[in-house]
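You will see chain A twice below: alongside chain B first, and alongside chain C after that.
And now, the complex of A and B:
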């Protein structure tokens, strides 16, 4: 009787990047019910979908629901023994005290955490980022990614980072866009076809593969990091990672679709498919099998992550695209 | 499951022609069901498949000289293809665009729409295609010397590389060159630097188009120059 129990509460919000219809469809399959029923649940959100289950079961549910794309909160209760004097209304469905926070679920991706208002459209193939910059604040954007903006936004190019920028190859420049005299809107289109992801940094650090950076707010520090001779050369991608730390919004893009992986033990990713990973993960570049497989399997070198953290991978790699397209490129004749 | 997923990517046409825009934004294609007597005009090589008894005639794009002008200045083909259903039942024509990206349909009701060179794909009867002078500003901003003017009453199909985003402009707005696909006649274009002199030339943005006036603009979420900029250093 002493085991702690909790309620599984569907907050009604969606995980970043999730499409409402697809989430509802997935949840429908998950709970073997109709989409309409799920949609109805969403309109009453936040709503407890299961009450008084033990914590490990609840976590299992939470993982499954969040995987489907809906945000899910676990409300811990006192152990049932100590619960006697509590008002039974506390576990009513839906919970009345939370009604005030009721959020209209929308099909558009909105930030659920502090940060700028933004919208990602055109997902997943040609994602386009629209950010609302508050008055007199500055957004850092990858060079030549700006596609549209309000006329009151001023652009400045800074050679921040000094010489190190030149070595990263791709992101030679980051432009500063400042909303002068009032808030402004900016539309950002990355070069590669693919998806866009938003992360809110709260003192933590994310490493990006060097062409993944799209934009960040002013308090996010963006710097390139030398990977070391061996790691850099053999990863076949670039010598540098971009280190993003501090507090604020960070957006990065992928070539192809994006997959988020929670690394608990060891995980192996082809070097060309790495987009980003969190600090705290150790990584080594190594070959998959023996030397024979290094040269003949086509897998070459992989990155082996160990520790605990998150890795984002892209479902296509630029190097693979280049070697596929290369034979069709016209030959220059002199 | 498969059919459900396909439904998500279908846009049924509500204008003069019946049919659907299918495929995802990445590789849109259009199925048109031509009623008896109806016809459809497309740029050359746009048709990917059709029922065997649909009649195809090739014609100059508005006459020899204006066809030539459209080819060289409007980014369109010298010839156009005209598909006519001379049977007594509904017949299907499927057409595509050469580049990956989204296709949209706009139903004109005695209205005018300006398209960037190369964006035009097809139209129903009643839509007039014209080439009009867009000014040197448009040329310098790499949008071309001319713009395509589609007017009349009917459906027009246009497409571009990337997803297409509609934006209502009221006042002024800035669009990077080569991202503008279509705009309504209430909108005019001006050219300006993206930032200061240094920023504009070293910041990779260069010149931008300043859109002024009132009306809808359509922006493509990717540009071929952006793709080249991402890809070329990797070769």
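And now, the complex of A and C:
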């Protein structure tokens, strides 16, 4: 596969005989956006709807867009000759669930060259991860997340990280899945319905909220990190964060869809909606607004990130759902 | 105020971008993330009105909600809103009109919109489900949320909607409480009980699922709480 990239450009012209309204409607469904937004794109045509995507992904887009009836051109950033040379990719990429103009993190996820082959389906509502484990290699998976696997995969339960993991609550154990005598396939379903995100760690470190961990390759070090009494106490469920570092693939999941935020100076996130963040960000637990807001805003305490880095948030929070369900608990009679 | 709805329809979040001087009002607890320079104030009504004690009283009597007001200081800022339950959102623009919204479906609106709690419509009817109604008045943008999918029904003549499935409706519509079946016995045995009959011309926005039906499904699996 070539690493060459290109831009996907909407020329503004329609495929012969296509009806403009119908095309816009189809594109709207395709990109999960409104017809008005698509119509606006057409007025600005020719317009690049996605930049720097690899060629095979771009061609998938092109096919989908042209099927809807709009003309679509791929502009290669390198000499156009290279376009013919590239071979079709065999891995199936889920059709991106995103707005036409903006690149959201839940879009196309392909293993960057050094990682394992994998596929994420059902995004963003019911994501499911399938990983191809090369022969004799080991994948670490959150306990109970394995849904399907080839028969040659052997499972070993290990208590990782010692006593600390007992305190993180949910993912006490990480299981090791080793593909013995040849490669194997494993299907992984996280506990909560939502999205899955892949990151390739290359010496960098990502902190995860304690139930977000899904799987990682053998060279990723997974350890729990004490957040300090005050921080941990106020963040609700967890006293710990999970620190993932090293080199290799890391997958984590969310309850609800995932939104990636580039923090430039500072950003505030509800403690129940934090999924993960990159190392280097400072964070403090604060109240929002004045004391009146502390008790009545419904936000209570929030996490304030500062510095430069990335924060991933989830659109739903398990804690918020639980407090909604609280009113439906049966009432104890004395 | 610019509204962008992300990840529709199952796990929708609303991204609201505000310019300095613009204020966005949202239901309490809806904020999931925001720029660091966003200022937040909490009231029960419009900004800068109502005493706290009165507010608390109203909340306990089930007639009010707390509202948060978001305003960026000196540069544009963004704020994300989410809901407790899975579902879709819609954004509407009101042009000097009234919209009646089920309290649980209200998410956020522009500061130019007046939020009224006084609408007595069918308060008595659905009080068992802790539902009350907001009356949104004025001109500006509104974001509503639903449990499940959301769909508009253009009413021209008469139309019947189950109370728990109403998200919002134009105040131009006349409504009356009615029974779903021919007789009262059939209505209650059929599980539909009371429904709302709309009359006239206007739009009713409905949600595909009723939180009041989903909640009781969980009850047998939840541990008992103290009264």
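Quick notes on this one:
Note that the second predicted complex is superposed on the first by the 218 of 334 C-alpha atoms of A that agree within 3 Å, B and C clash if a C-alpha of one lies under 4 Å from a C-alpha of the other, contacts with A are read in each partner's own complex, and residues count from 1 in each chain.
Simple rule for what comes next: a contact is a pair of C-beta atoms (placed from the backbone, for glycine too) under 8 Å apart; a residue touches a chain by one contact, two chains touch by 3 or more.
Please read all numbers here as calculations on a predicted model, not as lab measurements.
When both complexes are superposed on chain A, chain B and chain C end up sitting side by side without clashing.
Touch criterion not met for A:71: it reaches neither chain B nor chain C. In the superposition on chain A, A:326 makes contact with both chain B and chain C. In the superposed model, A:257 makes contact with chain C only, not with chain B. Legend: residue contacts after superposition of the two complexes on their common chain; A:249 is shown touching neither chain B nor chain C. More residues of chain A lie in contact with C than with the other chain of the pair chain B and chain C.
Contact with chain B, but none with chain C, is seen for A:121 once the two complexes are overlaid on the shared chain.
Contacts of A:318 after superposition: chain B is touched, whereas chain C is not reached. Contact with neither chain B nor chain C is seen for A:7 once the two complexes are overlaid on the shared chain. In this overlay, which is a superposition and not a single complex, chain B and chain C have their closest Cα atoms 6 Å apart.
Residue overlap on chain A between the chain B contacts of one complex and the chain C contacts of the other covers 125, 193, 321, 326, 329.
For chain C in complex with chain A, the residues that touch the partner chain are 4, 6-8, 10-13, 15, 27-42, 52, 55, 66, 68, 80, 82-86, 130, 211, 215-216, 218-220, 222-227.
Contacts from chain A toward chain C in the complex involve residues 32, 97, 99, 104, 106, 124-125, 193-195, 256-257, 259, 261, 265-270, 273, 288-290, 292-293, 296-299, 304-306, 311, 313-317, 320-321, 323-332. Taken in their complex, chain B has these residues touching chain A: 4, 8, 24-26, 100-102, 162-163, 165, 167, 171-176, 179, 194-196, 198-200, 202-205, 208, 210, 219, 221-223, 226-227, 229-231, 233-235.
For chain A in complex with chain B, the residues that touch the partner chain are 21-22, 25, 121-122, 125-128, 143-151, 153-157, 169-170, 173, 175, 187, 189-193, 211, 318-319, 321-322, 326, 329.
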